[in-house]
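Listed below are the structures to be examined.
Each of the next two complexes has chain A plus one more chain, namely chain B in the first and chain C in the second.
And then the complex of A and B:
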């Protein structure tokens, strides 16, 4: 990877293109994605800037951006794009690449995803209390959203015990196959 | 027959991947070839001189040139043969560029293929006949379809050049889109002040017949001799009697008729003259809104008309005009602004199109030139303009740039400031396209002198908020989102092909692109011609254009028509069908398949036979394929010639 931030990595554009199956050359930087993004206020780069970073081969800035982790995957950008680019899918591809390259800037979001997937692998579905505990353990954020717990408990949305699904082996098979492919 | 073969290098275009010398050597082995050589550029002056010289030296009576497509230089080489005293049809062309060198990289294979194509050409040439072109009479009249500024210019130029002109306009008045504009960029001239005199010239020109409220119904015939049937739609008014006084409109009780001319932001009467400068200045009745025509009662207009011109029983009328050339100038339509749900066009009353805004700006418009919101009639202060609404957007099937919206938006911001000095205009744009004389200076002036705030980015949504509109967009130069509260939003709608353009193209037998714009003969070298002889294009029917380009094309199309019809007779192509009477069994199949009506059945010694009308036949060859007896043969492409080519390739 280039050391100086202004040195571009032309191969990066192609990698994102392959992984997202989107033609990034179609983007003419109109800004429609940014205009409609509901979480743009929290971004370090706007959506069209993320697209530009990818087009320009600026791998480090794109993969270490906060924006890709704050994206809500609402797909407004995809809906509005005049060139039919699935922008949300590009964001998704960037998250995968950032994880592989160990460049996740929003550690808490990464931790949540990891805890979520661990729970699914273990039980075949999400065990909410276990997910909360794992997330808190990974991030040290003991009290995030704790105020919601009483209501969730009352409505039966937070089981105290984990319920594994019947054919859990098949779910685990998916995880195994994923790991094999990664090797 | 003595045949000469010339194999062209076309620089490295052909010689780069074909061994032209080897092709020439191979050609010497073909029957009746007495001379063969290769040449650097066969079409160049020395190349042609070489052909002329060889015809004399070797007493050639037929020539094959192996080079590019016949579309490029067949006419060139036929003239070369004529200069050397040969019949122009004793020539064949083998296309070894488009069909060989440009499509294959293997030099050995290319060389073999080129030699085989030359062999086919030689075998066909051996069976060629010396054909002579005939002559036919032509109508020195032109039909111009569409009375916008392009059609008006074409009609006036043809008429001034001495041709009789029939101008057909679909709307009740000529003037087209330009007549709806308030001012024009980049000079801020009053649009109707500069167009008006031209419209009057059309009305007064002795050589121009104007059919307004009329459409082309059908087109027969061919270059020099078109028969066009025009449907003159019922106006329910006798236009010979109507003086355009306007008494009828003043008394018409149906006062809530949607106003087409004012882009439906105002109301008009069921009987009306669309605008004060209308040509012809005649009243017509909107049958859907007229109380008499819908409910049977009323007739107020008939009572007040001083010349008794109202005709409630008027019907469409068909008239047929014989013309030698046709100029299509049918213009464009505006993109349907309701297609972007996020802008609220059609749902929010104060989100309007740029053309509607023109009508608000115009002194002859529904607000007499005072800018008023359609919803409450209030004067707006903050106005947002959004560019590229229906342009450069693949997702809605409009990938092209309309090309003039950047300019008219800049003009509208300038006019807005002129009308309302306290107003503020905002323009959301992607790129500013202003490549014309004084165009970029004009857009800069909108920003520098008139204070229009240009924001580089798109708008994602427009939401009503306390009687105003919250416009949510992006400023990509800042990398921020931006929100503007606006009183009025103007959408710079792009151009699309005129309603019914495809159907008209099919009647005229011309091509059109996937968006419905008519196809020119060549994108660079034949911009106003079509691939149908005698049919020309002017203005936005060929692609979106601004006023100066449309006027220029109107003049160019007129020059083409004048040049075509400057002759008294046109040469007929002898490559037409002929019927061998001895073989014809009179079955009539050819007559029924001929798309041009060029075959008539005659009686010959008591037997029915087919006969070709040579001036009507276009040489398409459909009769040849349909004839069960092989009696109908296309000259220069007979069955025997085609079989000889196939044999040369396969045997």
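And then the complex of A and C:
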């Protein structure tokens, strides 16, 4: 477990509640989310512990956890929550906040998503080869998945050319106006 | 009148899951379902967009909904369909989020246009199973997949979360089971039919995918399956293209092929291996397809 000081931020619970649009007070720690979560084995905090940290206002521990980045968005927790809390959406909200606060613990996951969205902004669609190159450059992980490249190329599963959409200006406009709104 | 849908192929359909897109289009054509590609469609943002910001995710998905809206009346569209569960979840989440007027205002501001987003959004699988019925596919069968033992693997989000997806049972879906049985395959009970394969963590955390996808392969072999059949491009890629990584990490030697259900639908209706792009699969289905042909030959 990470050893951050247990600083309590009373406003944090409300912020997560607003961002996720979920009533976090409904969580009574039954542990159904954790029981069903397929990635629990790799987490530093289990899902119900993350929910508890949020309820208790322990912002730093929640936002700097590895768990929120390893969540695969499989929606099993949301499906099985007896109180209908969209737990996967809470995990989404925590990732949004962690990025804004520059507290991303799984740097490689953050880098992969950034590379993915850059590719969308540039081409309008994901250009898989360009995405892998950008990710390798950003993380220094130059050999990520190169073992798969010969097979992927032979099977024509890794396009060598980007498929730019015609009205790429519309996508760039979306990203530009989105960034303006965030300021 | 035959149903007509706006079709959203998704990015993987252009590359890593070309065989899914191609066989899906062929299946729809043979069922009399007309597909109108959403012109100049863009990426829905997939997992990275919703994990980064819900507004950005809704805007990327929303542009596609807006284009479909624009042609809905003239082309008399019955809705929007996509083969990809991840695209489906983003398109449907966006439609749902737009019911909040404040959120809708923000999305329209970023898009620079108003959005209706009123068309029903479904997976191709849902249309085949619920609207047409698996019997419609059964009527097209020329060479049943007799003797082929398969486990259906739905992936997590084809049916989840249930209040958003509104399709089949979130814990024990039967759509693929029934469809594959209609094609003549022997469908085995499979406890892991909705368990996660590791999804988008394949590139960054191979250990997670090796463990989760490895479990699915173990269970399929234990069930006595000759093949896994899926409806999700990311599940297929993890279980198929990443097989050497999984086998290496787990010291396993799994060699069972992973088909898209639409490929098997095509094969059973006599489209042949070339048309259904069987050569695109990384783990070769050669032996299985040979024994299937032999089986069919013996019966004839």
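By our rule, the second predicted complex is superposed on the first by the 179 of 183 C-alpha atoms of A that agree within 3 Å, B and C clash if a C-alpha of one lies under 4 Å from a C-alpha of the other, contacts with A are read in each partner's own complex, and residues count from 1 in each chain.
As a convention for this text, a contact is a pair of C-beta atoms (placed from the backbone, for glycine too) under 8 Å apart; a residue touches a chain by one contact, two chains touch by 3 or more.
On a predicted model such as this, the values are computed, not experimentally measured, just so you know.
Of the two partner chains, neither chain B nor chain C is touched by A:12.
Applying the stated contact rule after C-alpha superposition, one finds that A:76 touches each of chain B and chain C. Once the two complexes are laid over each other on the shared chain, residue contacts for A:32 go to chain B alone; chain C is not touched.
When the two structures are aligned on the shared chain, A:41 is found in touch with chain B and with chain C. Among chain B and chain C, the chain that touches a larger number of residues in chain A is C. In the superposition on chain A, contact is made by A:49 with chain B only, not with chain C. On chain A, the surface patch touched by chain B in one complex and by chain C in the other comprises residues 41, 76. Within the complex formed with chain A, the chain C residues making contact are 11-12, 14-16, 18, 40-43, 45-56, 59-60, 63, 106, 109-112, 156-157, 160-162, 170-171, 194-196, 198-201, 203-205, 207-208, 211-212, 241-242, 244-245, 279-282.
On the side of chain B, the complex with chain A involves touching residues 342, 388, 392-396, 430, 456-461, 472-476, 479-481. On the side of chain A, the complex with chain C involves touching residues 38-39, 41-42, 70, 72-76, 78-79, 86, 88, 92, 95-96, 99, 106, 108-109, 112-114, 116-117, 120, 124-126, 128, 132, 135, 144-145, 147-148, 151-152, 155-159, 163, 165-167, 170-171, 173-175, 177-178, 181-182.
Residue ranges on chain A touching chain B, taken from their complex, read 26, 28-32, 34-37, 40-41, 45-46, 48-49, 76, 80-84.
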